[in-house]
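After this come two complexes, each holding chain A, first together with chain B and then together with chain C.
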Partner chain A sequence: MNKKNTTIVLIVAILLELFLRIDFGNTALIITELRLPRLILAFAVGSALALSGSVMQTVLNNPLAEPYTLGVASGAALGAAIFNSIGLNLSFFGLNVGAVVGAILVLAALFKIIFKTQLRFDSVVLLGVMLSFTCASMLAIWMSLADPVGVQSITFWLLGDLSRIGLKSAIALLSLSSVFYVYFYKFSKKLDAFLFGESMVEGFGVSLKDTQRVAVVLVSILVGFCVSAAGMIGFVGLMVPHFVRKKMGTSLHGKILPYVFVWGGICLILSDAIAHAIAFPLELPVGAVTALIGAPIFIYLYIFQNKTRGFES
Partner chain B sequence: MISFRKVKINSLQGKTLVHETSFEVVSAKIVGFYGPNGSGKSSLLKVLSGQVRDREVSGENWNDEMPIFDKNLSAKVRSQKILYIGSDFQTPFQISVRELLEMAKEANPSSQENISEVAESFGITSLLFRSFDEMSDGEKQRVMLARGIVQSPKWLVLDETFSKIDLDHSFHLIGELKKRAKNGLGIFIASHDLNLISEMVDDLWFIKNGRIVVSGSIEDVLTTENLKQLYPDRVVHVVRSPDNGKKKVIY
Partner chain C sequence: MGKYNSIKQNVVFTFISLFGLLLPSHSFAWNRIVTLNPMASEWVAGILGPNQAAQKIVGVSEYSNFPEYLKKIKTIGPYPNIQFESILALKPDLVIGSAEYNRDDQLQKLKELKLNVIVLPKENLFKMSDWIGQLGKVLNEPEATKLAIAEWQSDLSKIKTLKKNKKVFFQIQFQPLITIGSESFLNDAFNLVGFENIFQNIKQSYPKVSKEAVFEKNPDVVLVFEMVKNQEDLNKIKLTWKKSVIQVLNGDDFSRCSPRLLKALKEMK
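Entry: the complex of A and B
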């Protein structure tokens, strides 16, 4: 994994997303009005999710942590659904505020419990999964009680959909994602201190609580906006950081974060290109595509590219 | 100087781990901790180095003029003063030994140690480009000892950090630690291998049931009677090594 092949793959992904299965009648219009916003949004959301997954895995010292396993995404979805149903369509550059509120509430609840009970990190993901189930079932109940038209529109959104957002909002999200990237990149050294588990963080001269707090708050804001813009897109946040660490043979954030950011974007752009091209003129939910393609690749990489680890211990 | 004043340690569930304890260690030296499992050794060592996160701790812990328990004391400053190193190192992440040592070096900008030199003297040069998560437990412990030296704190707290290191490496590393101790590094070391730590410690403390039951120079403390206090049912003899006259136990 280096700059050169990352750039090549990025360019190929962009070209596919822009030109695959394009109707040559009004190419220019489709590209500027439809494909370009999607492209930008896909990059913004993919990079943000990968960044969030990477940071969560680190500060919880758990390779399974990501916005979805921690319940953040379900919380965002629930928040958005509730805000929508009660007609409180607050928006920030066209992005749903309800989702951000939901995401932050779930992570706040999670970390309140952690700091109050001083649970070990290992238990946190388990707790997150429980919160995730709770939010998902509340969402299911809410949807069965709400009006059917609203439910249908939200169902597709829940599976991940990059087509509902305009260019302006996509650019806003990309800026947000980039700003957070820069921040986390500067934060690299503090994140590194978490690589050897919670008992060693302070030994590297880094405050465990402060760093965790900052990371958690920033990640929930970022994921909240992602979910509000594009619905639930799982797997990018889990897979991309592992993929990058494995390929680079290191976990130091100063080295991996740039690649995590770009590959997160690439991953979602490619998934979206596939989602809108494979069953043309029908469209698949991009969230389903990321997991369907990502999971087998991930399993393959984990088992076969991991000769020294994986099977032992 | 370390000054521990009326320190009490409870678990979060309210169980007493260490009863009210006060002591002073006036100058840098090597202090050995010895006692049964669950006697409070680790609790004492962690709290000594400022790790109070999952315990209830009262009292004061001064290290020179620095209040180690003060919540406003930054982790950075504290880790430069006193650094805790345990025995069990697990990580799900790939990271090379060299990168770990670089992190340690950056954690203390005033460290004068050179990574390559420390690696050489600690016999881990061949491990530098290995991934930490793939090494054996003993190798990890050797690397973590080197990391402690690279980070160069005033006090190093080693909580059974030698538990899986082989005899040959152990003796070599003890030699290296003693060299550093001569230059002013203070060391606390807990171990169940008295014959090993008797090679290095100046003082020896016996810990039992959350109390320091005996403390003093190893010559005074390491006696059959004192060992009887720790393990009343065990017959233990204290003899002298024919090589260097240091006290050893046989059982």
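Entry: the complex of A and C
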């Protein structure tokens, strides 16, 4: 994994997303109005999710941690479902208003738990997971009562839908993702302190509690934006960080974060290109394709290329 | 979905059709029409007539299977999830969707793509003359529209009320169990024929109900709408609804609020 490989794969991914299975009836309009926003959004969301996953895994010291662990995404999905079924399909700078409301409510609950209570961080994480379950079950009940067209809409959204957003909003989201990346990159050393175990963190002069809290809140905000724009896309946040760590042979954030960011984007762009083209004119949900293609590749990497095992560097 | 949206759509639709009234009729003809759901496809084809329709309709949603010639037209995806690229590639000058069958966010996106989108309001069995009239004005076909309205009224009046007070369970689908609620045009349709829908108190179009609820209401007749594939499936259904009389109908005839529905109703025993 180096700059050259990454750039080549990125270019290939971009070309596929823009031109694969294109209908030559109205090419220019299709590319500018439909494909380009999808491309930019795919990169923005993919990179944001991969970045978030990487930070979550470090700060929670758990290789199974991912951006959706704390329930912001489930809250957003529930908010979107409720607003959708009462007929309010509003858009706020391209983001689904219902989703934003849902995400904010869950964030507020998380804030309260994190900053206003004296709970250990483990308990915080557990409460976050409970929030996630609560929202997911309420969503399931809501869906069972909804009419078929509404359910279709929400189902698609639950599995990821990159087609709902316009060019300006996609660019805005890309900028946001980049800003978060720069922030976390600047604090790579602080994050590196977590690699030696929670008990060693303070020894490096890094405040354990503060770093965990800030990281978790920032990640939740970023994830809230992503899910409000594109629905719940799984796999990227969980697997891309592992993939990059394994390929680079290190877990040091200064080294891996740039690649995590870009490869997250590449992953989602490729999945979107395939999801869109493979069953044309039907469209597969991108979250399903991400897992379907990524998981076997990941299994192959881990089981059959077994030089460095595990999560540590 | 949501009263707010359907009122909004009605107002927009009325406004657009009034606008259509002001234009001189001979200067307007749509040449590339895309319909976003089977109901719209059937009606547009019905009003335009086979010659015009086959030429002017360039894109239809999946399952637009009536009239037959619509099957040969390019599809633009299933109606809950239309494909924007296919629609754009066809370069339509008129796109017709429904508030009832198409997703609001997709209709909104089509408008953002600067397409000429007309959204038909929810159909009501007894107010179809207005609905047909509005569609006819958009398509600019006054004669065909008048004919269609007259035909509808005449077919409607020919439907006799057959049985009285037969409690009926309408089975749209077996698994999961889906029936007709008060918001569906089929509820009105079968009330006309004299069937009493045991679930007409549910304010939805096609609610999912539990088997216990059906047993509780104890219907006399069960009308099954789906294509029962084989005797085994039919036996399963018969076993479930033991006491009631089961009648299997051709689901496709009843799937849209169109002249086919009225003809099918007329032939019911």
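Following the convention adopted for this analysis, the second predicted complex is superposed on the first by the 247 of 313 C-alpha atoms of A that agree within 3 Å, B and C clash if a C-alpha of one lies under 4 Å from a C-alpha of the other, contacts with A are read in each partner's own complex, and residues count from 1 in each chain.
In this section, a contact is a pair of C-beta atoms (placed from the backbone, for glycine too) under 8 Å apart; a residue touches a chain by one contact, two chains touch by 3 or more.
What you are looking at is a predicted structure, and each value in this text was computed from that prediction instead of being measured.
A.B. asks: According to the stated criteria, A:85 is in contact with first (chain B), second (chain C), both, or neither; which is it?
C.D. replies: second
A.B. asks: Have a look at where A:245 lands relative to chain B and chain C in the superposition and call it first, second, both or neither.
C.D. replies: After superposition on chain A, A:245 lies in contact with chain B alone.
A.B. asks: A:144 in the overlay: touching chain B, chain C, both, or neither? Say first, second, both or neither.
C.D. replies: Touch partner of A:144: chain C, not chain B.
A.B. asks: Which partner does A:32 reach: the first (chain B), the second (chain C), both, or neither?
C.D. replies: So A:32 meets neither chain B nor chain C here.
A.B. asks: Name the contact category of A:7: first (chain B only), second (chain C only), both, or neither.
C.D. replies: neither
A.B. asks: Have a look at where A:175 lands relative to chain B and chain C in the superposition and call it first, second, both or neither.
C.D. replies: neither
A.B. asks: Regarding the shared-chain residue A:207, is it in contact with chain B (first), chain C (second), both, or neither?
C.D. replies: first
A.B. asks: Sort out for me which residues of chain A touch chain B in the complex.
C.D. replies: Going by the criterion above, the answer is residues 58, 61-63, 118, 189, 192-193, 195-197, 199-208, 245-246, 249-252, 308-309.
A.B. asks: How about chain C: which of its residues touch chain A in the complex?
C.D. replies: Interface residues on the chain C side: 1-5, 75-78, 80-81, 83-86, 88-91, 101-105, 108-109, 112-113, 204-206, 208.
A.B. asks: Report the residues of chain A in contact with chain C in the complex, numbered from low to high.
C.D. replies: Touching chain C from chain A are residues 22-26, 29-30, 33-34, 84-89, 144, 147-150, 152-153, 156, 163-164, 166, 280-283.
A.B. asks: Okay, in this complex, where on chain B does chain A touch?
C.D. replies: 12, 50-51, 53-54, 74-80, 83-86, 89-96, 99-100, 103-104, 106-108, 131-134, 151
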